[in-house]
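Presented sequentially are two complexes of subunit A, the first with subunit B as partner and the second with subunit C.
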Partner chain A sequence: MATAQLPGEAKPKTPPSAPPRIERGFYTRAAIIAVGVLLVIFLLPQVLSLYYVDAMTQVAIYAVVALGLGVLVGRVGLISLGQAAVLAIGAWVAARLLFGTSLPYEVVLLASGVITMLLGTLVGLPALRMRGLYLALITLMLAGAITVVLASLNFPNGGHGFSGYNGALLHIPPIRRPGIAQTDPAYFRYSVVVAVIMFLIVLIHVRTKPGRAWAAIRQSEPAALAAGINTTFYKLWAFALASFVTGVAGGVLAGAVRYLYSIDFQTQDSITLLAVVLMGGAYSIWGAIVAGLLLQLLPAILNDLGVNPDWLVILFGIGVLQVLTTAPTGIVDQMPKDIARLARFIGGLGRRSSPAKEPAQ
Partner chain B sequence: MIEVSGLTVRFGGVTSLDGMSVTFESGTCGLIGPNGAGKTTFFNVLSGFVRPASGGVKAFGEDLLAMANFRRARWGVRRTFQTEQAIENLTVYENVAMIHEHSKLSSSTRQDDVLGAIAIVGLDDVANTKVATLGAGQRRLAEVARAIVGKPKLVLLDEPAAGLPETETAHLGEVIRGIPEHTGAMTILVDHDMSLVSSCCQNTAVLDFGRMIASGPTSEVLRNEQVVQAYLGVAEAKG
Partner chain C sequence: MHPLIHLALSLPSWQDEQPFLVTGLALGGVYALSGVGMIVLFRTTGVLNLSFGAVGAFGALIAWQLINHSGMNQWLAYLVCVLFGGVITLAYGMVFGPALARRDPLVKTTATLGLTLILLGAMDLLWTSNGGASRSISLPTDNHGFMVGQIQVTTTDVIALAVGIVITVVTTAFLRYSKLGTAMRAMANDREITATLGVPVRRVEAAAWFGCGIVAGLSGILLADLVALDATTLTFLVISSLAAALIARLSSIWITFVAAIIIGVVDAAVTPITALTNYRDMTPFVLAAIALLFLNRKRTLSLARQEF
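And then the complex of A and B:
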């Protein structure tokens, strides 16, 4: 079975086996991940200070944003520099609905996901005609435009009308949170659960028909067309999915910060976002978690240490350079390899220092 | 049956196909010609990547050019490319299944159809291996499996044997000769390996500078003086 055969050689005719429906080790991996998630949900708020619980809430939110961008960049090969603006749209829609209605928070999240999906797919329309640098440029311009619109529209603060903004308000009410997640630790758990659901949605996409179609488009568009793949449809689907999860993340963000200001959403955030997604690993959905940590936990740690987090821009620049030149699959793929190499190195040291225990090679 | 009539393709000032008219009857047909003759352009017209300036293509009675490019694959036009296009980070099975997924075929027969196509090309042992880890010959075979899975009507093979060693080319030839029997599809084979073309194709057409200069039974075509001259680059001797 394991012997290599030339295709031309006669071989014993065994019926070809169908691929296993569920990969080997699936249940073990699922169990490990579930335990990990439970530890994060129940243990982290116990051991971390409120400052870091808030930071971890942001990590959960931005991991989902990175996940959406990872679908575009890593799966389909479409560079979008407008995802931070898409996040802002999600936050705006959620804030407006939270102030204007008494809908349950989950319904608001779903609605902001769907509305952002519709708007975000419009951002994806240029992708049907262009890719690479031009697509990046167009999405960046669109993000800039959205930033300008939001700056003049302002985020809802409890006012009336379409914008829900009242500049004359003296006592601005905070954006409400779900009843089950009023405190910061509870809201952190809520954010992680939402993030897990978003990861599952994306994981299902990636592992099934759309994921395979995206892989074909990323490799070669003519070949994808020749395979019968409606590339227009699947590219828009990728934008729709990315926008949906980003919109939901925006909804979680609204409740996390409780006061939204347009100044907090800068056009260049999209560029930083792409940088951390590449560093984390755009080809793996776990890279999104690393991206979230880089983007939100690292600045929090630096702040805590009294270092200006603006220095991170330089660090991220170097990080992207390093990733693109030596580890294109990102930290999430490179780290285990490096750790294994380190373990072998340390193991080798141990062997050399105690030659009596092991026979010489 | 594929009827091509007066097909002309221009890229700016270059005329890639110049009033090409030919009929591919059935079975496996060869399409040969020197580099730049327009063979791949012809395939690109059939796949819908290039819009011809004039002319028409009827495939089994249907106007092929009126179909959107991705719909042609669903209708039954399949092809391989000169450069490898099997998707590296998917397994052979997934690569082949993807074509089935985007065809009109029922998903209930997918597993049998896919495994059948993989068996025809002889990749049974590596069906669940990622394409990235396969050798060049096996990747080519994976692409051929993609082209023949399900019920293709027309299989276009663009230099499938390029760069393959002799033993692998021989196996590829066997696979290609088996396509009509296994799938009932018509096959058009473009290749520079004349022994492969003559062993696979009853009929062969020859393109030179975008024009058909000969077509007919392969052995006769290969002896045709004009064809020999086109390949050797001798000045055209009108006789």
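And then the complex of A and C:
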């Protein structure tokens, strides 16, 4: 019980990282997912209003952020309470590059991912000397510190100098978008494509050597070390990967909102993020999508219905407590089981009402 | 000009620093109060209560509501705040303590973030920011004070530092000499063995939860007066106390006290330095990071159950 085993210590019934062989039905599954992605890309912007298209763009962005945190929490068992701050760094770097250079958007995304990765790893390097609780707390403090720096540095708004911020600017230009994705529906498609690529990168990691090393570390760090796994290297790798995808997501976020303000990035966001990742299911890649939906689509719907979004914060709080006490694998794992249970229950009702007598248990 | 030269040139005089020193000592006292409250609960139950700040903020807002809208006597309202802290923390501990008792400290600590979110959401619902009109709590002791040389020291400052010292001394004595304190120390070593020895572990845990909540309410009132009555600010001020507790490796009450005072003083002392004033709230993080890296330099991996 020595190392961070959140909530892996609860021993999920299915091992989170399956052996790297190609299982039966792999191609069928891949085809179904591909069709699903195509439907999302081409059908959703047609049927949804612009309001919900924007919300779904945010879902795509935050699903990637949740994916990055999911790697740390679900795969390696490290709790980071500073991922929203990492996202802010990615958005800042991307905005600075978009204002300062005329590089293609894809290059800017890659650059913001790499720079965020370097910064994240730099921070991760000393932080990795601490484990479990200490790491979680130091990242929480780091999130607070980054919020402070951002509040004083401000987001670039087309000014000059390192910060790219000019408080006296009267006409603030919007952050530019890629040429192929100027409109909101087009930008939605663009962000889904970026998100799919990020999911594939993470999936490859999880299914190959790093994924197995992470699983070993999560079970027991001393045991992993004894088995010859370079634990520091692989933990750092996880940090780098999580920071990279979060940095890219930050770049997509910059183009999505077009105006960035430091007030929009608060320490609380990192906690909410961890809450939805745990609720969605940190062990599954699909959990990240659920987390994105919880974090961005749900508030949009509530806002549409005129419900105060503060209720959502309360709901997330209850969700965290529920997940940690009773369902460590999250909604993604729990929902199908609950549906199956409900189906059995309904089936049982049907049988009971039929004249045939049920044998006693 | 090189930023460092600029920094050196803009260093404030000792004269300018003095008032901030007073503020720093007062804040440090409250951080010590919170830090000790969190450590005692952590040692007894293995839970690092991250909802500490949110509980205090909620209590302070209730007190504000009672004073300004129900016309309640000030002191009575503060008492309600402190009791609220105790009751809500005790309730959480009673419901989720046993459910998570055998889990990793990391899980137990993450769970308190759930309570934090619930309280934060509820505070935003109940006390909406109406048109930027800020709320404030002003203790009657703000108006009394004395001069030390040229500096004005209010009674609130004195009280804040005093509660920090008192809680440190009293808690040390309590853990050392009282029966309940001995039971808490035993539980910090091993919950199961303590239970076998006939200690009513649930009741001891309840006492720790309640005590931690009382301290949270008290810190909430003091910080609302010294800093600001704002839900988010007060909730995340817990980071300063957390840093002090971390520097003490979540075990020593006296190191927590010293670290809390240092954090409070450094944070305040940086305020008049123009180049750094915007970054002064990074103090807890910077100090804790340096201290933890230094303390962790010789740590080894082990399979031992007890990590802290």
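The rule we apply is simple: the second predicted complex is superposed on the first by the 325 of 361 C-alpha atoms of A that agree within 3 Å, B and C clash if a C-alpha of one lies under 4 Å from a C-alpha of the other, contacts with A are read in each partner's own complex, and residues count from 1 in each chain.
Here is the rule we use: a residue touches a chain if its C-beta (ideal position, glycine included) is under 8 Å from a C-beta of that chain, and two chains touch if they have at least 3 such contacts.
From a predicted model like this one, the values you see are computed outputs, not experimental measurements.
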| item | value |
| --- | --- |
| Subunit B versus subunit C as contact partner of A:A30, first or second or both or neither | neither |
| Touched partner set for A:L50, first subunit B, second subunit C, both or neither | neither |
| Contacts of A:I229 with subunit B and subunit C, given as first, second, both or neither | first |
| Touching partner for A:L133 - first (subunit B), second (subunit C), both, neither | second |
| Comparing the two partners subunit B and subunit C, which touches a greater set of residues in subunit A | C |
| Which superposed partner A:S220 touches (first subunit B, second subunit C, both, neither) | both |
| First (subunit B), second (subunit C), both or neither touched by A:K209 | first |
| Which of subunit B and subunit C A:N308 touches, first, second, both or neither | second |
| Partner chain in contact with A:Q268 - subunit B first, subunit C second, else both or neither | second |
| Contact residues common to both interfaces of subunit A (with subunit B and with subunit C) | 1, 5-7, 220, 222-223, 225 |
| Subunit A - residues contacting subunit B, complex | 1, 5-8, 11, 14-20, 209, 212-213, 215-216, 219-220, 222-223, 225-231 |
| In the complex with subunit C, residue positions of subunit A that touch it | 1-2, 4-7, 9-10, 79, 81, 126, 129-134, 136-138, 140-142, 144-145, 148-149, 151-152, 220-223, 225, 266-268, 271-272, 274-275, 278, 308, 310-321, 324-325 |
| Footprint of subunit A on subunit C - complex, ascending | 48, 50, 96, 99-100, 103-107, 109-111, 113-122, 124-125, 232, 235-236, 239, 242-243, 246, 250, 278-279, 281-282, 284-286, 288-289, 292-293, 296-297, 299, 301-305, 307-308 |
| Touch list for subunit B against partner subunit A, complex | 47-49, 69-71, 73-74, 77-79, 81, 83, 85, 87-91, 93-94, 97-99, 101-103, 111, 115, 118-119, 121-125, 127-128, 137-138, 141, 146, 167-168, 170-171 |
